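Alright, structures below, take your time with them.
Same chain, two partners: subunit A is paired with subunit B first, then with subunit C.
Here is the complex of A and B:
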C-alpha cells in the first residue's frame, strides 16, 4: 500500500512546496505515495489519517493554530518544511516590532480587522518529528528525507556549519573580506548557495548544534555595527534558538 | 474555525462565497491568507538586503519581487544599472515566466481540463505531459539559478547589478538548454489550444508595462487598452487600493473600476511584439486575441512560454559572446523610487523610500493578484449571473475554474 501523505501550507510564500516540485524525486513521489490532503495539488482532500504530513509556513492566524493541532491528531509523523515552520520565518521579524504600528502602516484605519498572532515556531506548538530547514528548503535535503521515509527510517540531523559547505565550494571567506556572515554558526548542508553567489550566509537554516556563538559575535563586532548584526540574525530564521537572542539585541 | 472550502490548486488561501436570492447574485472573493506585513518590517532594513527579503513574498515568482525591489531601490538611490545588467534581468524574468507558467498550466490548471482530481492523476494518465512540464521547469529554474545563484529566491541580485556574474560558457550552455525545450513549449501550446474553454466574455481594461520596445518584461510605463499611458512612478494617481472586511488582500481599482493584468493582458496589448515562433503560433490559434474571455489566460500563458523561451535564447546567445566584468554603481542620492516589472501573474509595482545611509524608511507594494481582485469579483458576478439556473455545485465549480484561470497568488497579494 502506498504511504498516505498530506501537504499543508500555512502563511508563507509556498516556495518550499515549489522546491518539492523542483526535486528530481517528483515522479517518484507522484507515483509512490497517495496524497490524502494536498490543497495545492488536487481538488478532493480528506481528513483520513496520514502516515506523514509536511507542514510549510508560519502560524499567523487562529485558524492556522487550530489547523496544526488537527494535523498532529491525524498524522503519524509531522515534518516541518522550511524555516517559516521551523523557526517562524521572515514574517516573525514582526515579533520584534510594534505589531499594532505595523498593521496600521499597512492597513491604516482597518488595522484592527487584521489578525496577527505572535509567531511561534511549529515545534513550540505541536510535536514535530523532523525539520527540513531552509528558506527555501534545499531539494537535496528533501530527497534525503524522502529516501529515509520510503525506507522506513526516521531521518537524522546532519549538523555541520555552512562554512564546511562554503569551503568545499572553494569560495573566498566573506568574514575575511570584512562582510558580516552567519556561516560559522549556521546549520549547513545547503551547499552554501549564498556565499557561492558572492553574498554572505544569513543563517536561514537556523543555528547548528552547539555553535561557537561567543567567538562569532566577537568577530562580527569587529567588522559590523550592532544594528547590522541584529539585522543578520533577525531575517529568515528569527525565532530559532540563539538567533532569537541576537536578533533581539543581546550581543 | 477551520475552513475546508478553500479553492484548491491555487497559490494561497481564498474561497468564493456566493448566494443567489430572487434571481440576484451576491458574490465575494474572500482571501484569508495571513498578512505577513512585508511593507512594515522592511522599514529599517538595508537596501542591499531588501531585494532578497522581498523575494520571499512569493516562492512561485521570487524573481519579479527581487527585481521590482531592485529597480525601485535603484531609482530611490540614484543608481543606473548597465545595459548588460538589464539584459541579465530580462533573462531572469524570461526564465521565471517559463517555469511559473509551466507550473500553473500542468500542475494546477490541467487536472480540471483533463477531468481528473489532481496532479497525481495527471501523472498516472498522462506521464508524458508531466515529464514535459519537468523538462521545461528544469531549464526555467536553471536560467534563474545561473544568473541569480539560486532558483527559488535568487541570492546575488542586488541594487546596481549582481554580487557575482555568470560566465560566457554558462550563457552558451543556457542558450542550448532553452533551445532544448522549444519543442516542449510548442507542444504545451498545442495541448492548451486543443482544450475547450468555457464560453464567457466580459470586456474590461487590460494593463501591462511598455518600455517602447520589448514585449512587457523589465520596466516601462503603465499602459492600458483604454488609453492610459503614464509613468510608473505616477501609479498612485490611478491605481487605488480598497479594504474589504472579508479579505486580507486589498482590492485594487483603476479609475474606479476593475482591471486585468497578466498573460492575457500582455498578449491583448502587445501581441505584435511577440517573438517570431510565438507570433506564428498565435496566428494558428483557434482562439483569437485580443480576447475578453478570462479563461483564455491559460492559452496566453502557453504562448508566452514560447515567446520567453525565444527571448531567453536571444539574450543568452548575445551574452555568450559579450558578457564582461563591470563595476557595480553606488548610491548617489536618498529619495523615493518606484520599480515596475512583469511577473507571471501581471504587472508588479514596488516603491521604497531610502535614506542617505542606505536604510529603507518606507515601502508600498502593489501585487498583480491584488490588481486583479476587483476584476475577478466582477467576472464571478457576471458568470454566475449568466448561469444562474444551473445547480449550485456546478456554479461553484465554474466559479473556481474561472478564479484559477487567473493563476491567482494569494500569498503575494496579501504579503
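Here is the complex of A and C:
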C-alpha cells in the first residue's frame, strides 16, 4: 500500500506548496504516495490516519490551533514545511508590534472581529519530526526529504552556512561591500539565490548550528544601524532561536 | 631560455589553444575578476589583481557526481574535458602543482589534470600577496607555458612538452632570450619564515592568538572556499525519490564547520571554533609540510582579501613568533 500523505496549509502564501508542485520529480512522487489531503493540489480530500503530514503556514487563529493538534493525532510523522511553520514566518513580525494598531490599520472598523494569536513556531505547539526550512522552501530540500523517507532514512540537517552556497557560486561578498548580510549565521542549502542576485541574505532558513552570533553582530554594527540589523533578523524567520532575540532588539 | 612574443600576437596563441581546449581565463565581472570559460580573447583580463575563486573551481568542482545509479545500474562518472587555463598567476599555477601531490592517485582529478594545459602570466603583486614566503613565486613545471612580462610584450617559457608545442609556433621568437630564473620578485608587506612558524604551531599550541582571532571569526568558510589549496570534501548520496536512481557526489567541505570533525556517535574532535580555526594553520603549515615538504598555501592572499571579518592570516602567523 502506498504511504498516505497530507499537505495542510495554515496562514501563509502557499509558496512552499508551489515549490513542491514545481519538482521535476513530481510524477515520481505522485506515483509513490497517495495524497489523501492536499487542498492546493487536488479537488477531493478527506481525513484519515496519515503516514506523513506536511504543515505549511503559521498558526494565527484558534481554529488553526485546533487543526494542528488534530493533524498531530492523525499522523505518524509531522513535517513543518517552510519558515512560517518552522519559525513563524513573515506574519510573526506582528509579534514585535502592537497588533491592535496593525489590525485597525488594515481592517478599520472590523478590526475587533479579526483574531490574531501571538504566533508560535509549530514545534512549540506540537511535536514536529523534521523541519524543511525556507521562504519559500528549496524544491531540492523537499525532494531530499521525500527520498529519505522512501528509503527509510531519517533526513539529515544541513550543516553549512549560506556563505558556502554563496561562495561556491563565486559571488562577491555583500559584507565586503558594506551591506548587512545574515549569510554567515544562516542555515544554508538554499543555493544562495539572494546574494547571487546581488542582495544580502535575510536568513530566511533560520540559524545554522553553532552560529558565531557575537562576531556577526560585532561586524554588522560597524556597517549598519541597529534598526537595520533588527529588521534583517525579523524578516522571514522572526521566531527562530537567536533571531528572535536580535529581532527583539537584543544586540 | 625564452622566446619573445608581441602583445598583439597573444590572440593568435589564445586562438590556437582554443582550437584544442576549453579555455578558462580571468574576466572582469562588476568590480571583481572571476575565472570563466572564454571564447573571445578580447574578454581576457591580462592584468588583474586576483580572481574570487581559484582554478580549483574547475579542477575540483564544488559538487562533482562521482558515480550514478541509473535504474539500478552502476555508472562511474569520470570527467572527460580538456581544459586550458590561460593567464593564471604564478601562485595559482603552483597551487595546482601542490594539489598534484595530494591527488596524484585520484581518478577524477587525474582525468582532468592529464589533459590540462596551464599558461601562466606575470602579475603585479598586491598588498595581500605573500607568495615569496611560501616559495610559490618561482616558475615550476606546474606551468606548461609561462608568459613573462617584458615591457609592453612578453617572453614565453615552456616547461613541458605540451607547452613546447605552442612555443615552437611562429608567433614566438624566432631568436631565444637567455633568462636564468623566472620568478616574481617584490617587497612583501610582511615576510614570514613559514617553516619555522609551522614548527612552532604544535610547540605553542595554546598561543592566545587562536582564542583572540576565533572571537572575530564568523566561521563563514569563505577563506577555505577561495583558497586554491583547500581541497577538503564531503561525500553525499543523493537519491531521486525512487531508490534505484541517484548519485554519489563529492562536495567542498571546510574544517571551520562544526560538522567537519563530527564522527559517528556524535563525538566531535573540534567543538570550539578556536580549535577549528587553528586547524587551518596546523594543516597548511605543519602537517602538510611534514608530508609533502611545502606548505599547502601559496600566499595568494585570497583568504585575506575575501574575509568579511578582516582577519589576516599573516598577522596570525606572525604572532606565532619564530619569525
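Brief remarks follow.
As a working rule, the second predicted complex is superposed on the first by the 251 of 251 C-alpha atoms of A that agree within 3 Å, B and C clash if a C-alpha of one lies under 4 Å from a C-alpha of the other, contacts with A are read in each partner's own complex, and residues count from 1 in each chain.
Keep this in mind: a residue touches a chain if its C-beta (ideal position, glycine included) is under 8 Å from a C-beta of that chain, and two chains touch if they have at least 3 such contacts.
In this text the structure is predicted, and so the values were computed from the model without any measurement.
Applying the stated clash criterion after superposition on subunit A shows that subunit B and subunit C can sit side by side. After overlaying the two complexes on the shared chain, residue contacts for A:43 are found with subunit B alone; subunit C is out of touch. Touch criterion met: A:236 reaches subunit B, while subunit C stays clear of it.
With both complexes placed on chain A, subunit A has more residues touched by B than by the other of subunit B and subunit C. Residue contacts after overlaying the shared chain place A:97 against subunit B, while subunit C stays out of touching range. In the superposition on chain A, A:251 contacts neither subunit B nor subunit C.
In the superposition on chain A, A:146 makes contact with subunit C only, not with subunit B. Contacts of A:160 after superposition on the shared chain: subunit C is touched, whereas subunit B is not.
By the touch criterion stated above, A:35 is placed in contact with subunit B alone, subunit C being left untouched. Put simply, subunit B and subunit C get as close as 10 Å, counting only Cα atoms, in the superposed view. Considering their complex, residues 1-4, 6, 8-12, 32-37, 39-41, 43, 45-46, 49, 52-53, 56-60, 62, 103, 107-108, 111-112, 117-121, 123-124, 127, 130-131, 134, 137-138, 141, 148-153, 155-156, 158, 162-164, 243, 245, 248, 250, 411 of subunit B touch subunit A. Here subunit A touches subunit B in the complex through residues 10-19, 21-22, 26-27, 30-31, 34-35, 38-45, 58, 60-61, 63-64, 66-67, 70, 89-91, 93-94, 97, 99, 101-103, 105-108, 110, 113-116, 135-136, 193-194, 196-199, 202, 228, 231, 235-236, going by the rule given at the top. On the side of subunit C, the complex with subunit A involves touching residues 30-32, 34, 52-53, 57, 62-63, 215-222, 225-226, 238-243, 246, 252, 254, 257-259, 273, 306, 308-309. Partner subunit C is touched in their complex by these residues of subunit A: 25, 28-29, 32, 143-144, 146-148, 150-151, 159-161, 163-164, 167-168, 170-173, 175-176, 183-185, 209-212, 214-216, 218-219.
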